[in-house]
Each structure stands twice: as structure tokens, then as C-alpha cells.
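In the two complexes that follow, chain A is the common piece, with chain B as its partner first and chain C second.
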Partner chain A sequence: MKRHKNCREAGDSVILYPDNYINDIEGEKLEDMCDAFIARGFKKIIIDFANTDLINSIGVSILIGIIEKVRDKKGVVAFSSLNAVNRDIFNIVGLTRHISVYEDDEQAVAAQSERVLM
Partner chain B sequence: MDLSLEKLLFNLNTLAELGEEITSPKDFTRVVKSALFMVMGSFFVSKGAIFQFDPDRKIFHPIASKGIGDAKGLSFSVDDLALREFVKHGKPVSVASRDYPANLLGPARVGLEKIGASLIAWLVVKDEILGMIAINEKYSGEAFTVYDHQLLSVMAQHIAFSLHSHTLLMKLMNKYNENQALYNNLRRIYYDTIHAFAASIDAKDAYTRGHSHRVSAYSAVLAREMGWEGDDIEGIRIAGLLHDIGKIAIDKSIINKASPLTSNECRELNSHPVVGYEILSKIKFPWKGVPMMTRNHHEKVDGTGYPDRLKKADIPIGARIMALVDAFDAMTTDRPYRPRLSFKEAMEEIRDNFGKQFDPDVVRPFLSVIKKEVLGEVESPSITPLLQEHLDCATVERLLGSFPSASMQA
Partner chain C sequence: MSNKPIFGVCPDAEFFGRGHEIEYITDRLGAAARPAGGVVLTGGRWTGKTEVLRRVHRNLFWEQSSVWPVYYQFKGYGSAEGFAEDYLKEVLKQYIAFKRRDTAAASSEVSLDKLERVLIDDGDDGAADLVMLFREAKRASDPVAALRGAIAAPRLLSEMTGSLACLVLDDLDKVSAANIQKDGGQVLVELLDALGSGANPFVVGAGSRRPLEGGSLNGSIDALELSGLDDDLSVSMMTDLGRSHNLAFDTEVLSMAARRLGGNPMYMKNFIWAACRAQKELNGLKDFVELYTEEITEGNIGFILRTSIRLKGLNDLRILKACLSARPDGATSEEELAERLRLSREEVSRGMEELGSLGLIESDLGSVRWTGDVVIKDFLGYMHEMRVKGRSSAEVRSSMVLESLKQGFARSGVNSAGRLRVEVADLARSFNGQKVLKVLLRNQAFSARFKNGALSPVGSNQEDELTLPQIVGCFDSASMEKNETGPVILIANGFQNMRYDAGNEIVWFAGIKDGFTPVNLGDVESFLRRTALLKQNYRNSRQARWMIGREGFTAEALKRLESESVYTSDSVQFGLLKQGLEDRNPAGVAAKGPAGVPNKEFEVVLPASSKAELVAAKAVEEIGVEMGFDEKAIGQIKASLVEACINAFEHSGGKATRVFLRFVSYADRLVVDVRNSGVDFDGNISSRPREGADALPRKRGWGMELMKGLMDEVRLERVRGGARIVLVKYLLNKGDRRDEEA
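Moving on, here comes the complex of A and B:
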């Protein structure tokens, strides 16, 4: 599916580009995709929301699932390209307290590439 | 209570989406899973499950879960007294609490702690517990507030209604399936009984073994060819099986007599359609016309048949169909007084009685269906496999071509 091709590898980071399907339980497949990258050794996961208009509670629960999985593997998750509404939502639910947020994916990749993970 | 307008709006939006989701016609498993995700997203928790209560086995079993691995084998019970107290209490319960009513959780606490459940809410409709929703602590580490408890209560109520509707639907489905099974069973018994009757009719005459089944099969295929559908075809199929039931009352020696019958014997034999009618008219068949098809299957379109000497338009169409296929089968099988006729001879006989004994409007579709079967245009042929000879296309074409066409008849 096109959707599942919405990802890109950049050095030791991988960037996922969910669109609005993250707001449906189908978005669980994004977690599976993360699992696959983690299994391949990726520990830096960037989720870019440039194509996501509005995140709902289902989307939030899927993101928590991803964060939990990546953290279990001692990896990091970063967000990029958040619009004002989504940024507010992440603030409301407390997500931004746990995640680094960047202006865009390039900035996120640059920041993550400097990061050394154990 | 410190609650921002944004947070209120987010929760309000979630409630609206939850309402939409649970009233959607989607698959129930998907609805419950979406509802769970909504709850988890609203409270920012990473683990959660929705359990359904099985009142027969008195256990809660998971119907949706997230973040707790394989939850399939996970189930637990809560005693009746405790359940009643939880309904009375009507609010979410902190699993870690040792106060009332959490202290009533009993052994269920172990199961809930195993999945990391921190807060549970009962799914209740009309004072009846249908299930439970369990979530772990917030990812942020913050404690659940009074507002969170209220929000979880409202969400649980939404989910409970969905579960209630689904349970009702399942009960209805089960009842429907039970009734369907009973109906099918009755139907099978009904058919078996009719087949047994048909076999007992045919058993009176060694020569007519299988006659009723063949008349039934031929009638049904001819009726279908004539545009009949569903129950009407089923009706003529049954009438075919029972059309000679009146022969039960006829002396076996008359039925099997090889020499010509005396006038008394002939009268007795010819009474079988009326006797059959009298037997069958007392039965309330789910199909129309079965007794009359039986009564009139020896009528002729020129009015010289029996018992009522009806002319074409007055003879029920089903009886006209049966008159043809009954005679066709009688001709193409051995009888005590003569060996069977060949297909060619039988067709010539039908042609000679075309418009006299047999209705042309019935004969033509009969010829048509035989032709289709011989040409291999029918997936499951019903007539030709029952004949005791192989028919080739050329002979059949030639024979059928010898019948008067509809325009000639007109």
C-alpha cells in the first residue's frame, strides 16, 4: 500500500510520514512498521506530521504505542512538522513533554544524527 | 479542577467520535477496538483492555486490548455480591485502592494488576454489568483526576450501550439460528415423509419403481423451463412425488395386472386421482395446488380425460405439466402389459396426441428442455439421465422438428 511506503531512511534515522489514517485503528500498522525498522536495528524514529491535518484520540493512542515500543528498545522518537492544532493536542495530552519536536523532518534528522544512543 | 478549554474541546471531540463509532455499522470487534483506542488516547495511557462479562460462566474475558501483549487467555471472575456493589457504586475504581469498593475485587485484582491496570470502569446498562474497561496509569505519570473519573464514566456508558446492543443482536441471532435449525429439521422430516410416501406408492407396483421420483423431477424441470420460480417449482416437485398416492387404496392385483382390465377394475384404477385428492386435500401444504394437480393429472386437453373431463383452460397448468411427464415416464418404462417404448416411439405418441391429450403449451417447453439437455446446454440435466437409452443430437433434432410449430398450431 502506498501509505506504508510513506517512510524514508536517513542515516541511522527513519522518518515515517503518516497521513490522516493514523486516526483510525488501521493506524496500528504504523506501529508494525516501526517494529520492522526496530528489528532492522533502527533506534531513531522520526514521525513527520506534514500531511496530518488533525490528530484525534485514536492517533494519540497509536503514537503512545510507538513511543513505548521504541523506548523499550532504548531508542528515541521525535516529531516534526506539527501544525498549530496538532501541537496544541500534543500539549494537552502531555506528549510534547516526552518527545522532541522539530520544525521539519530535515531539522529532525540533523538533530538525531548528532545524538549518540547507547 | 484545572482544565483548559483545549483539553475540554479535545475530550468533547473524542466523545462525539466515540458516539459516531459505536453507532456505526462497522464490525463489532473493530468498533470496540476503536473505542478502546479512543479511551486510551484521551487519558494518554499505553495499556488498556475492554472485557465482556459472560453471565453463564461468570467471567470477564477480553474483547479488545492494546499494549498488554496476547490477552486472549486472560479472564477473571468477580463474585455476584461484589458486582452488585460495583453497580450501586457506579463510578470508576482505582485498582490499587484497598478501600470500598476496590476491596471487593478479590482474585480479579491479581489479573488486573498483571496487565498493569490502574483504573477500571464497569460497563453497565439497566443495572446489569456487561463488561469492564481497564487502563493503566497515565504515560505522564500524573494521577487520574476527578474529572478523568467522570470522563471515563461517560465513555464507559457509551461503550456499554454498544455492548448491550451487540449482546441483544447476538441473542437474536442465536434464536434465529436455533429456529432456522429447527425449521430445517422439520423441513427435512417433512421431505423424508413425503419421499417415504412416494416410495410406498411405487412399491405397490414393481414396474413403477422410481416413477413418482421421475415425475417429480421432470415436472420441476419443465416448470422451470416454463418460467416458474421458487415455491411454485417446489410445489409441483412435491405434487409429482404424491400424484399417485391414491393408488394406495387400489388393489395391488389391479395395478400389476398384465392382461386387460375389466370395466370394474378400470373404474377402480381410475379412481386413484380422486382418492389421492381426498387424502391430500386434508393436508395444509405450504405450496399451493398440490391436491388439484393430483386430482387432474389424468385430464386431457380435449376434455376426454378423468375424473372431471375438464378441457384445457379448466385444467390447472400444474396438472397439464404432470399429465405430460406422467405419460412420458409411463411410456418410457416397462409396464406389466408391455415393454417400454423407445424415446422415438414415445415422442411419436406425444406428437399424435398433441393438442388432444397433451397441451401444446406444455409439450413445446418439454421438447425445448430435452433438446437443451441433449445439446449439453444444461449444467445438471434432469430428464435424459433418467431415460434408459442414449439420445444423439441428430435424432432428437429430427424428432422434435416433426412437431407442429406454434405458428402452424395457431
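Moving on, here comes the complex of A and C:
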């Protein structure tokens, strides 16, 4: 298992740990990171929001773009460690109907490891 | 069900404001109260009365069933009998249309005979009898009976069917001897008697209340007056129209145009269309002045004014010109006019009557007053120069442009200089011993505090505060000063310390420059000289002087004012002061109960820099914790505030470097006000349907939805010089509040 500052590989999944505030800049960093892992063949992307206090609407747009991109590659995105407000935000936007949400990154990794992707 | 209007209205995208009036009249008429009351809607030319009335009719036609609406627009008729036939036909057509909910039935042109057959076929014999009775009256050459029968038709149909008719009557001014050649006076008398009987609810639209004078209307009559759209709405309308027509413009120039055009929707639309036709950009004062002059003289507005203001001779023009150049309040007397123009009293009286019927002047007890608007005034000035003085059109237009540019469109006595005066007078009247921050009355200190957009919360240190007097009256200095030019001076007098004794009497002199240039040294010297003279009238009172400049002050002017201890405010300071006092308005407090009293207020100014919104989030977190909000609520407020801030930066029109935040904590809620100096916030909520159950949500445009989803109330408001968004979070959420109240 490899762990970097903002990401961690766990089997065929990768977990991304965005910063405290997801705006356009942080969102783009996250997108770049995601692109890099997709290029390396990862199809299971977990985004863990344990460190994330705030997500603005531009950040939300970028997250939707990331999910779209991963889906196009027949991959899957899951979220974990959402605080109450971030959960509200994803509910308002309607994202929670499209992705799995887990209590924490370990639970997300466990669930994704059992998942078979085409 | 379609809600297509029967009577033409302008596209919704071109219709601005008046929502409150439409809603109020619709509710009033739709209440079907007995005895029925009425609304009298008056307003100058082209202020949108017809549009309001037609929209009221549309609402009543489609959105309720307790009354059936009749819209009738008066026009010219050959005789009272001609009016009666037309009126009866309209009433019956609209009765059938409402019964069938079929707009075609009301808009088709049919004879009374045909209507009678339709009613009989529908088994509506009672209604058909109204036609028969009308025909009998005509046959018996009894025009009064025919007239009374037609006017009584809505009441009779209401009685027959048990369903109340409500009348939406437009252009009542046209019911006059001038428009109904035979028995015109009788029509008005019968009509007013019918309305005054309380049988049917009604709304009457007219240019003035003059046609209603002497009528028997009484009881529950509401008078509503439509003036031009307010400043903020006018500017919004102009900018929206400009954008929709791909016009290149500077927002300040459109603001100037909106004010100059008095917020009149017809003028504003024509002005924008003229710019588009001429493919002219509106980026500077010269662009605006040239187009304005062209449009009101030889353009569409000029054409409309020419056709609607049909002066019968040069004497009318001379009388109008004399009224216009009378005292600042525009009043003169018939004697003065006769002497000045060397006309006989009869000639003046005849002119008065003609001009009064055009709605340009009002004559009362020998005193004559101009009642037209600024655009008509400029148009008549142009006509006077050509027709009376014999100058060529090109020469006059050229001189109009020159003069307007020289004076920056801020000549005294015109409406463009009137809005701020009214606002300052209203604000002064609201002074009631409140404490306000001194920086709001000291321009230099205010500018220094907010220099470079630096964050600087305005504290509530007592040393920073000034206690306002309690003002009991406010008026302008015109009656005390003859032939004075320069900024308007308002005189507000009252008491200090809330003590009503001679020792606490105080007078505030407020000099106002509402032009598009800053207050300069000349303005200041004029203000100081004039107030020195005015002070003589208030020797026993304490005195304070205050200068307000829409565009601020020049450095020399500010230095001089500071040395004379004169209070100074620009439009930003004035706006903040006004807002602060509005929020402490006793009426508002009474309406909200004890919870309406703000506990604390904080202000923050954010520079337009990366992540500046996090400073706001941090500030609101501190406030929220202190107020007792739980962690989730604080998170929701922070997320919403971040959205509001980035929205404010994005829509600041590319010129704002600062966003102003105001946090007001009440016992039961937190109110956050985010204001920019741009054109608007993005209030749109995209409603693009999802393409399938599996389709991801759209990527963009979630800001407003997030704020609405996370806060208890979100309001978008356009304000002078920008826009603001108000976020409200209650300590208990709305559901809890309702449970508690229940």
C-alpha cells in the first residue's frame, strides 16, 4: 500500500484526500491527480473528504466532471468521510444518487475491493 | 391551461417592476368583498398603467374563479350611445369568454345581434335580455336608458349568475366631452355612479384623479400612483435590455440614462432600441447625450411626444415654457403668465384648459404648476427654440448637446437631480436618536479605512459612534433662497438627546450633489456661503452641516469641508447609513417583535483576491458560535456565504475590487448581507431536465441552489450601484419555528 500526501493506493483502488477547501484550484489539482491514476489504469477512485471543511459550487462542478470522466473509462467513483454539510451539498446537487458514499476510507476500500468492473 | 392574455401585453422579458401593484390589485379585486371596493390607479404618460391593468385582467381571468373580469379601455366615440353599445358588447363578450375560459370569444369582433344569439344558444336568456333591452332603448331614441342599461350590465349579470363581475377600466381620462362628442359628460356621471354603488369591485386607470373629481366614489377606495420605476429597477431594466440587444455599454452610462429618463419604461425601451438601430455604443457621457438629444427630438420618443402632445398654437408653447422657467417648484400664477407673455387673461385661461387636458400643467386657485416629466420638458424646450425663436433643428440640437455635456446632465431642478434628494430627505426623517458609525459621515476617514479594499471590520466602539438627532421635519431651502444655484440644500430640524426643549433644538443642513461629477471646491464654497445665510434663520438652534456627493468629493473639496467640520458622505457611505437605519426602523422592529432588535452588527470588506471568501467564512463561524448555532448550521452558513462571495466577485462587472459584507445577529437569527458594486448576482437556477435516470447532474449553475438549500431565506436585491444577496439563518430552523408557534 503506497501513501502519498494527498493520495493512497489500496489494491486496485486509489484514495484521494482533497484539502480543506475545494474550490477551482483544489478541484483542478484533484482532477489532475485523478487523470494521472486513470492513465495508470486505476478504475476505482475513492475521494475521501475527511480533511475537507468546505466545497464551493465550482468545486462541485469539477467533482461532477471527474465522475463523468471516470465513468467514461468504465470506472467508478466513491466518496467517503463526508461531513453533514458536504453531504447536504451533494444531496442538493443530486450526486449521492449516482455514487456510493461510505463512512470512511477503509470502508470504501473494502467495498470497492469486492466490486468487479468490466 | 394557457394563461395567454386576451389583451396584448409586452413580453415578460421586457416588463420590469410593478409586481407589487399587480399583485395588490389582483388580490383586492379577486377578494369579491361586498360592498365592493375599488382601486384608482393614476400615473403619468407611459408609466405602464395599461400594462399593469392588462396583467391584472390576465391574472383574474386565469388564476381565480370567484369573480369574472371585464377589461375595458376607453377611446373616442361619436356619442354616448356609441360608447354604450361598445361597452355592452365588451362586457357580454368577456362574460362568455370567462364562462368558456376561451380567450377567442373575447377577442373576436361580433355584433350585438350575434352575441344575443350565442347567449340564447347557451341558454343564457337573462344575459340575452340585456341586448334586447338595449335595442329597445335605441329604438325608442332613449340614449340615457341605453347608456344606463350598458353600464348596469356587469351588476345585472352578477345578480343573475351569482358570480361577481369585476371591472378593469383603462384610460378613464378619455371619457370626457372632448372624446365623446354627444353627451360625453353624462357617460362619466353614470359610470362614476355605478362604480360608487359598490355593486362590483373595480380598478380605474387614469392619468390623474381629475376625471374622478365630483364623482360619488367613496368608501373603500384605494389610490395608487405609478411613477417611474425606481432607480435600481430602471438600471436593471436598461442593462437587461442592453444585454438582450447585444448593445455595448458602460453600466454607469445606462444608470445615467435610466435616471434621466425618469424610470419611464416607454422612454427606456425606446432609448435602447434607438441605440441598437443606430448601432451606437453607450460608453461615455457624450454617447449618451448625443443619442438622448437625437431620440427626443427626431427619434421615436420625439415622434411619440409630437403625436400625443398636440399643442393648438404657439401661445400654448409659450405658456408651457414660462411655466417651466418659473420658480424651482414650477409654480406660477395666471396673472404672472398673462403679464409676462403679454396675453389676455382669456388667452391664458384657454391655454391652461388645453394644457391641463394634456396632463402637462395643473391649475388650482389661480396657481399654475408644470406636471410633465423631464423628457417632455426637454422636448418642449426644443420645440420652443424652433417654433418660437425660429432656430433650426440642427442648431438647437447642437446647442442641447453642448449644454448637456457642459453641465454633466445635473442641472438643478430636473428629476435626474431629484432621486438622491428624496432619499436624503427620507433618511433625515428617519433620524431618531440612533447611533451610527462616524466614518459614515466622514468621507476621508471612510476612504482611509477601506483603502485598497483592506479587510477592516467596523467595530462598535462608542468613540467611533455618533448619536443622530431626532428629526421632526425636513424640507428644501428653495423657499428661503431666491435665485440660488448649486447643490440642493435640505433643512432638517429636530431635537438632540431626545429632549424637547429649546436648548436641544438642532438643525441639519444637507447639501446634495446628485450629478455625475464629484463635489468640487466651487460646490463647497457655494454650500458654505448659503448655509451661512440660512443659519441666520436658526440662531437659537445648534447646527450641523452635511454634504452628500453621489460621486464623492475632489481632494480640495474634501479638505475644505473637513476644515469646516462639515460631515461628508459619498454614495457608498450613504447607502450603508441608509441600510443601517432601515434595519433599525421602529416599524420593522414592531413587526418582528423583540427578536427584531439586532444584538450585534459586524462589517467586513473583502478585496477581490484568491480565497478571500474564506475570511468571510471564518468571520461568520466566530459569529455563529457566539450566537449558539450548532456545528452543522455553522457549516451551512459558511458554505452559503462562500457561494455568495464568489458570486459577488464574479458578477462585479469587472470593476469592483471589493465586496461588502454585513453580519447582523438578532436574538433568533443571523442575517448576512453581501453586496457588490457590479451589475447583478447570478440568481438563475437552471431547470434543464435530466436526460435520463442515469445522467449525472449538470455541471454548472449550482450556487444559488446551494444557498437556498442550506439557508432558511435567500433574497437577491438590486440596489443602487450594485446588487446584494441577503442570507438568513434562524437559530431554530423554520420547521421548528412553526411547531413552536403552533
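Convention: the second predicted complex is superposed on the first by the 110 of 118 C-alpha atoms of A that agree within 3 Å, B and C clash if a C-alpha of one lies under 4 Å from a C-alpha of the other, contacts with A are read in each partner's own complex, and residues count from 1 in each chain.
The rule we apply is simple: a residue touches a chain if its C-beta (ideal position, glycine included) is under 8 Å from a C-beta of that chain, and two chains touch if they have at least 3 such contacts.
These numbers come from a predicted model, not from an experiment.
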Combined model on chain A where chain B meets chain C, clash or fit: clash
Touched partner set for A:Ala10, first chain B, second chain C, both or neither: neither
Touched partner set for A:Tyr21, first chain B, second chain C, both or neither: second
First (chain B), second (chain C), both or neither touched by A:Val60: both
Contacts of A:Asn83 with chain B and chain C, given as first, second, both or neither: second
Single chain B stretch clashing with chain C - from 62-70, 134-142, 206-214 or 332-340: 134-142
Set of chain A residues, in rising order, touched by both chain B and chain C: 25, 56-58, 60-61, 64-65, 67-68, 88-89, 92-95, 98
In the complex, chain B residues that touch chain A: 4, 6-7, 10, 13-14, 17, 30, 33-34, 37-42, 44-46, 66-67, 138-140, 142
Residues on chain C engaged by chain A in the complex (per definition of touch): 610-611, 613-614, 617, 631-632, 635-636, 638-639, 642-643, 646, 694, 696-703, 705-706, 709-710
Touch list for chain A against partner chain C, complex: 21, 23, 25, 53-58, 60-61, 64-65, 67-68, 71, 83-85, 88-89, 92-95, 98
Complex contacts: residues of chain A adjacent to chain B: 24-25, 56-62, 64-65, 67-68, 88-89, 91-95, 97-98
